[in-house]
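The same chain A turns up in both complexes below, where it pairs with chain B and then with chain C.
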Partner chain A sequence: MYAQLVKSEASAEDPIRLAEFQARIDRGEKIEPKDWMPAGYRKTLIRQIGQHAHSEIVGQLPEGNWITRAPTLERKANLLAKVQDEAGHGLYLYCAAETLGVSRDELFEMLHNGKMKYSSIFNYPTLTWADMGAVGWLVDGAAIMNQVPLQRTSYGPYARAMVRICKEESFHQRQGYHLLLHMMKGSEAQQRMCQDALNRMWFPALMMFGPSDKDSVHSAQSMAWKIKMNTNDELRQKFVDETVRQAEFLGLQIPDDALRWNESTGHYDFSEPDWDEFHDVISGNGPCNHERLEARKSAWNDGAWVREARMAHAMKNSERRLAAAE
Partner chain B sequence: MAEDTSSPAAGNEWPLWEIFIRGQHGMSHRHVGSLHATDAEHAIKNARDVYTRRNEGVSIWVVPASQVSASSPSDKGPMFDPARDKVYRHPTFYELPDEAGKM
Partner chain C sequence: MATSGITRSATVSETAVFEFLLRQGDNALVLGHRLSEWCGVGPALEEDIALANTALDLIGQAKMWLESAVGEIDDSRSANDLAYLRDAWDFRNLLLVEVPNGDFGQTLLREFFFDAFQLPWLNALSQSSNQRIADIAAKAFKEASYHLERSAETVIALGDGTEQSHQRMSRALDYLWPYTGEMFVDDAIDTHIESVGIAPLPSSMRQAWNQTVDSVLSQAQLARPQSTFAHSGGRTGFRHTEHLGHLLAQMQVLQRSYPGATW
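Showing the complex of A and B:
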């Protein structure tokens, strides 16, 4: 998902304290910033919330790419609002991570030097306008699958950020689907463009949920801590089950010959994504990794003078006020 | 709240502000989250963009996070337990006959 391959840390603390902590979580209590928590819980959460925040911020880039080329003023306003929301979601999450004792600058630093990751999905290019539809429909759709249960996560600030995000995210998916619905009523070339977008986006969207459960080594501890609410495969299955129907309604073909309804399980069978590709993309070798990270770094570096100037201005005003009060 | 009592923090990072929003007229301000800004005016502008994109508020308070004093989790017992056994502070403690009418 937005948090893929988040390494979970075991904790070597007093077993009694650990048991008490686990009991609080099992009772459904929320853990708040000043409460005692195992070091591993804190570390894993910083990693997960940080990765989630970075994904929101880097996730602005593939769509930002199309704002100036939106076909109508209305679509442009829609896309602009969505991309602005992603910035907001990143900010809610950074704040949640900061309550765990990591600073905003440290988080940026770890994104820029590659110590922290963001979702693999944003390392794929957005080649046509139809991709704006596919991103909203599939990428935000997959994000919602993951984020809705995270509203019940054990860490208070993270859960509250998720509630806000979920309230806003539904519009993201709907505007994407709406866009595709309209394009599918257009020319044959437009319809082909939609199909092409789905063909390219389908497996990368499935990868968003992270590796298959049998290869997912970090799940058990995170699930006990209620940092992770469902397994990767559960969420992926849920996503496929919902999306197939939506694709049919659009008149689009899911690019998977093995996809079929399984009467006995009550779910769709489908092909797994290429996990080698996934590991390749998440470790830095996807089609756009370099471009995305460079864009973030130059935004940060080119903005340095603005941050400094604002600070200097605030200092000057504060000194003036003090002088006036004397 | 309009008066900025904080001095900008040293270091590179903009200070952290806690944001409170009045959702609608007649309601109290409620904590919604935090953000970084250089001063109070900047914090209010940022809060507008970060926390009221969908008409969620009619008024914003910003408070430097460093100025918030909080009770400690370890004091939870001594702080709040004494109120637990004072059930007579609630109207339901007093059973009155129905004949007395609605009260």
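Showing the complex of A and C:
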């Protein structure tokens, strides 16, 4: 549906300019904010970068849930620093989106009124300390699979933001993995927490790559524009292939009876996630949709007086400077 | 006097230094914890990131102070044991840092009162006769000067900003003011610490603190409260607020629920 919308927008453009634009992308040139671009390209990018930015800041919440309960000073500092990195990612991405002519406030408004989404994974709860390991390992791990190719995306500011972000995401993933590794050497209760975290998070992590290619609506045009670099199923397969080995090393059981190595494809066969659940979650009925959105909205509303006061103070200051200069 | 469960009989001087270091470490730990409660829900992304930065600095400082505390008395406990396995009565932080955050303005005003003390205090401690204390203080001083710059600037902006922000800051000021006096109360430990050249008396910081506070409050269009009443009982551990127990219940939950587990 959206692809058709984009296509019709693309076709409303001057065909010569469109062809030149496509040729630039095909040559591997980067598109910069001041360059001409089709309206559909701009719109698709705003949606994608905006949703990515929202995912970073909503993604602060499930991990923020454990900062005050982190079990050692080192873990507390690591987790706090990690969640702070995610806020930083949000900031870079909102800045990248701003270069396309949409403000951070406008994007926030669209998040708050439900017009824009964020990654479905953050609508799942974090229930034990092992979730801090599993989120790093699986969620940041899946994010890396999605984002590493985007370092080569056609839009310059987005590609550059991705380069900075990917470095930090791989650090997060290692940190999460090591957290689990440590717990798996611990008590029975700790091992149980780890397995429970994987049981709850495995399929939601697979959903992070989006619907199956046969049901994915806006792939073709995005791939031609190099906004999207790989199909959802390619990335999902790559993630499974890498993660299965890591789970084995941890001594954890992936909760999928159909999981097995396929000699002929050279990949693991695995069960698809429950797509009905996925659609429930993205349409607002995940376990934490309500909490996440309310937390963002109340942070924004409760902080309004602070933002207003800062602006008012800056105005007063410049008036005072003007008055003093007269 | 409570001795925070020291495991062997330490000398008077060792005990005093241990207590002194707990006071430094617990202030940083409890305030760092309070600031970390803001993570993800600040009024703007920039504020969120800045609060997390300050919290990280303080947690790092807490770790250094608590490590040196156990080093001082040759205690078999670790800094984490001190943070996660002591009960409220063994904590030695100011009441100021344990009271709830309130709104963003109250959090930053509290931060400012603390920073305005810490800056001259850490500066003095960086000349301590105890080299380890001097080293920690020198590192923390750099962080504190950045914290003070930011908290002072924020208090000024919010006090001066709008009618609503001014009202909120006035209320926060009334609430927090009676918790500031505890910073300057000298006791027997302070006298001993001063006599061996480890640190000046806390009361000697009063003048520098007054100067910073008066200047910032006046730029913030806020009237300094007349009251000199001061709550106390945190630094000595005699009587904390009700809030500390809840903070610790949350902070210590995993260490308490799974004794002996490592994380």
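To be clear about the criterion, the second predicted complex is superposed on the first by the 315 of 326 C-alpha atoms of A that agree within 3 Å, B and C clash if a C-alpha of one lies under 4 Å from a C-alpha of the other, contacts with A are read in each partner's own complex, and residues count from 1 in each chain.
Convention: a contact is a pair of C-beta atoms (placed from the backbone, for glycine too) under 8 Å apart; a residue touches a chain by one contact, two chains touch by 3 or more.
All figures in this text were calculated on a predicted structure; none of them were measured in a lab.
In the superposition on chain A, A:K82 makes contact with neither chain B nor chain C.
Once the two complexes are overlaid on the shared chain, A:H313 sits against chain B and chain C alike.
Applying the stated contact rule after C-alpha superposition, one finds that A:G64 touches chain C and leaves chain B untouched. Looking at the shared chain after the overlay, A:L91 reaches both chain B and chain C. When chain A is checked against chain B and against chain C, the one touching more of its residues turns out to be C. Looking at the shared chain after the overlay, A:L73 reaches chain C, while chain B stays out of its contact range.
Of the two partner chains placed by superposition, A:H54 touches none, neither chain B nor chain C.
In the superposition on chain A, contact is made by A:E168 with chain B only, not with chain C. Within the superposed three-chain model, A:R236 lies out of touch with both chain B and chain C [touch as defined at top]. Within chain A, the residues touched by chain B in the first complex and by chain C in the second are 81, 84, 88, 91, 307-308, 310-311, 313-314. Considering their complex, residues 4, 7-8, 12-14, 16, 33-36, 38-39, 42, 49-50, 53-54, 70, 72-73 of chain B touch chain A. Taken together, the chain A residues at the contact with chain B in this complex read 32, 34-36, 81, 84-85, 88, 91-92, 95, 98, 103-105, 160-161, 164, 168, 307-308, 310-311, 313-315, 317-318, 321.
Residue ranges on chain A touching chain C, taken from their complex, read 57, 60-61, 64, 67-77, 80-81, 83-84, 87-88, 90-91, 94, 129, 179, 182-183, 186-187, 189-190, 295, 298-300, 302-314, 316.
Listed in rising order, the residues of chain C touching chain A in the complex are 29, 33, 36-37, 39-49, 52-53, 55-56, 59-60, 62-63, 66, 79-80, 83-84, 103-105, 156-158, 160-162, 164-165, 168, 250-251, 253-255, 258, 261-263.
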